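You will see chain A twice below: alongside chain B first, and alongside chain C after that.
Then we have the complex of A and B:
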């Protein structure tokens, strides 16, 4: 990916973040749940993207959905990546020993269950609140990160600087935190973005199925609403949800590619990063 | 490689020539044209599959529709009369009721036979007798039957519950089911039960032969042996095919008796069936198509003759909603009927819940009464009807719907007209503020429509001053989970619909009878001694002006007590192909109409 394309992606992502911050600060999208408009109202100065079945403002709902998506993506992406990185580094560092065996068994168990099904089951069991939905995704999405970091750690632990640290008696925890994890930074950035994408899509699917967060609105809810509308030629809800969803997923995916390509370039140029 | 291709080509040419030759020879054969008679077939689309054809399991409308057409019930509903009215079916006349209301004497038609079946000794259907009726009722109480319909007569018929408790031995008689002779029985009740004749028009009461139940065992649910107008040909998860029962009794249609009204039915061509004996079609097909868009597409392609118009196409289907009128481009091919469901949609307050219910302290009780009344005043039935039911639903005060005879057309409609100012004033006068209003949890099953219903409800509550964070949604994975929460009295408001099992307001009024509190049918745990007194008095009375007045008094009491946000009867847009002469009905009490359907070819 070229630098200008990456800058464009960052700009678009920045716009999404600005929209979300505006919603969190109460600047816009606050009346997404008021049913004051006409049924399936068209585009107007009051309702920029029209209204849904019960007269809610589709534009306000789409803005609030940006906040829901980023809230989910950032929280799940950040925490799942951190959890996966730590677990993967521990497993890789103590390869073949009990921490590795336990973590591999746990990852195998989680991998054996389809992701959305597992997330849905956890979300349903925990009560379909935002925290429950996020927790359900974190509990499942740390696994691919951990697998990658484990493989990378196995490679890094044979590096001379790691072996030197071991010889001079640096504790394994410090070696992991100071010498191994910083060298997986590009990997974690790319993986973190991909986890965000997975979390966004999972949140949409769970909300579509009615087991997403019940306290707010989401693109999944809007798409679910639109299933009753497209048959009669009403696409406002569907487009107002699917286009921003597509944009955000595309941008995050492109940035993940960008980090991966940078890492590949760095690898070709100078080998693994040194701490 | 080239040689092989040439050989393949030669072989192909030979096969083609041989095929062509055979075709020519067959084409030249002097064959008489086949004389296949043109069958009259009516194809009825349903939104769910029938899974069990045993009358003891006919708990859903999908089973009811098939069961009512392959079996006979003692009574049935008149084809066209509304409100629904009973008429004899397998019975020769309506029942004779003793003066004390405790005994019902029922005479059966003579000469009615079950269809031929290997279940019978010689494979030929035998005559239906009163003993079959008695057996069919007794088997509901036999644990081996796993009946879903025993509640109809539980504790009502002398000796029947005791017979079940003693082991359900069919060689022993039940004192309350007296066989007067081979074609006459007398039912003795433990207490007056004026709704008994309705229960004998329910598909649960369909008459089955013991030989068939014994012969087919578990497979009886897929091998119906009845005396109804049709018999089953095939049955799977996508379709049930029935053909006319050739031995069905001759009962010429008396249109006046069936409730024919030229103003209502005159345009449908129904006069054509007058004096003829049903069934009028050779085959009746039920197509089970759960996906609404697929069902609509099948209807538009002419693959089925009847469907419910799905909500998502209603605005394309209807040119206008008041009065409902079909879009012009559809009128050449289809007919339409907008039918009110004999059902009530309401939100019942849980009188046991903190903050909303009845309270022992009179002052607090008055505050909570005011809160309920304010919520009722804040609810906008007109908007609810417009948004979710295309303005086709019928809004009415109280719980007695317009489709039953006891409906009071003169009842004030104040309780269904939104008045936000009044609601706010009530809250303020009784000391309710955003800080002290109780949490209002709204439970729904997990579907987007239900979520929309909640969001609209929350919007109404925001308008009267309820804080956003105090009107919360609780979604349940299934309706069963939600129902369990209601039964455990966990939710302050019970938003439900109640479809009538029989066209008598008692079926709805019992939902508020104190002794029926949860886990009984009184989900709202409503308790009012005066109401209970009136209910007990009315429940043993035969239909009449005095009983109607009691029903209406109970209805008014519920409104005064602000016991529920009520009510609306949903409507369904029934559409059928013009080739079918019919007056369709989708209600639980319907299904009988299919024997009266005729088909005219273009």
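Then we have the complex of A and C:
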């Protein structure tokens, strides 16, 4: 990706962040659940993108969804990437020994259960609430990160500087934290962004299944609402959710590519999951 | 060989224990209390106690887990809460429908992705490559749900030719079958092809940079011969990995969303209903068996690698 394209991506991402900050500060998108307008109202000066079935402001709902998406993405992306980095580094450092075996087994088990079904099972146990969704996402999305970091750690472990540190008696924990993980930085950035992408796309599927936070609004909730509307020719809700969703996912994916291409010659790393 | 088989089966058994342990804990042990769904109104304490005993609530975790394993082994999966049908027959009946629905799209998606990524690798850095990479990025960024809704709108608005039904399922004749799978297949290909291309392109590009490719070219081999005779066989390993790991996508996002939107009575629709209604016996069977099936498929793939690539047989 060219420098110019990367800058464009960063500024689009910045716009999303600015919108979310505005929502968090209470500047806009606050009345997203106020059902004050007409049923399926058209575009007007009061309702910039019209209203939905029960008269809620679609524009406000889409703005609030930006904040929801970034909250979910940052939380899931951050936690899953951190967990994956630590687990992967430990597995790679003690390759073939028991920490590696246990972690590989755990990853194999989680990989074997399809994401949506695992999420459904967790939601069944905990009840359909935000924590169930977040837990399901983190529980599945740390695995691909860990696999990549494990492979990278195996390479780094044989580097002279790691061997020197081992010889002068630096503890393994310090070696992992200070000498190995910092060198996986580009990998982690790319993976973190891809985890965010996966979380955003998974959220749409889970909302459609009725698993997820009922208290707030998200693009997934809006798309689920719009399923019936589109068939009868009402596109406001559908477009107001799917276009910004596509934009954010596209930008995050492109930035992940950018970080990946800055690592020497390894473009094989793939997205953590698809939904 | 015997060592390999032993190691591999031990590994598979360990994974299956993990999968069943997870599904048992989430759906049975820590799941909601089933007592009252089995009892009528105003149950007596004796009735409650007898149901508790029947469900095993008076036993500890290990006893209940072993009991669960026993029932899974003999396929005693209970009855669906919604329809009362035996879960084993429900799954057997509906999984065939899903297979018929998804297989064409699965094969087409991978075949198309392979062709496009070979084209992309052939013109690396030039406009066909850029175009294909861009298209794959767009495909990856689009949510399956959005694609399905848009396709259904397009179907229902573009003059009611009735050729491709928006909902329903029929396998009365080959024509009928093809009509019903056309749109779901298109949707499946659209959303999966981007991810496949991404991986295949990277694999093929890496292989194209190898010395043997340069040598083949120097000997005057054309691009088609180089790609199909030299590069493709050497890419088989990552390609098999990709195909195997896209099975969960097929199983879940594929069947679940496609079948519930297009009204097709396959296993995805059954899962959708079980998830939205909290139908525990069905959910338990689907989660457990998809996990076990995937472990089997992945182990099979591992055996396949060794068959495809003789180098692996020497290493271990």
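Note that in this section the second predicted complex is superposed on the first by the 262 of 275 C-alpha atoms of A that agree within 3 Å, B and C clash if a C-alpha of one lies under 4 Å from a C-alpha of the other, contacts with A are read in each partner's own complex, and residues count from 1 in each chain.
Simple rule for what comes next: a contact is a pair of C-beta atoms (placed from the backbone, for glycine too) under 8 Å apart; a residue touches a chain by one contact, two chains touch by 3 or more.
The structure displayed is predicted, hence computed values, not measured ones.
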Dominant contact partner of chain A by residue count, chain C or chain B: C
Which of chain B and chain C A:34 touches, first, second, both or neither: first
Which of chain B and chain C A:221 touches, first, second, both or neither: first
Contacts of A:80 with chain B and chain C, given as first, second, both or neither: neither
Contacts of A:55 with chain B and chain C, given as first, second, both or neither: first
Contacts of A:118 with chain B and chain C, given as first, second, both or neither: second
Partner chain(s) touched by A:209 [first = chain B, second = chain C, both, neither]: both
First (chain B), second (chain C), both or neither touched by A:238: second
Partner chain(s) touched by A:190 [first = chain B, second = chain C, both, neither]: neither
Contact residues common to both interfaces of chain A (with chain B and with chain C): 124, 209-211, 224, 227, 231
Sites on chain B touched by chain A in the complex: 293, 310-313, 315-316, 383, 386-388, 446-449, 451-452, 455-456, 458-460, 462, 468, 472-475, 477
Chain B-facing residues of chain A, complex: 33-36, 39, 52-56, 124, 128, 209-211, 214-215, 221, 224-225, 227-229, 231-232
In the complex, chain C residues that touch chain A: 11, 14-15, 18-19, 22-23, 25-27, 30-32, 137-138, 140-146, 149-150, 152-153, 156-157, 191-192, 195, 198-199, 202-203, 205-206, 238, 248-249, 251-253, 256-257, 261, 271-272, 275-276, 278, 280, 283, 286-287, 290-292, 294-295, 298
Complex contacts: residues of chain A adjacent to chain C: 105-106, 108-109, 111-118, 120-125, 197, 201, 204-205, 208-211, 220, 223-224, 226-227, 230-231, 233, 238, 242, 245-246, 249-250, 253-254, 257, 267-268, 270-271, 274-275
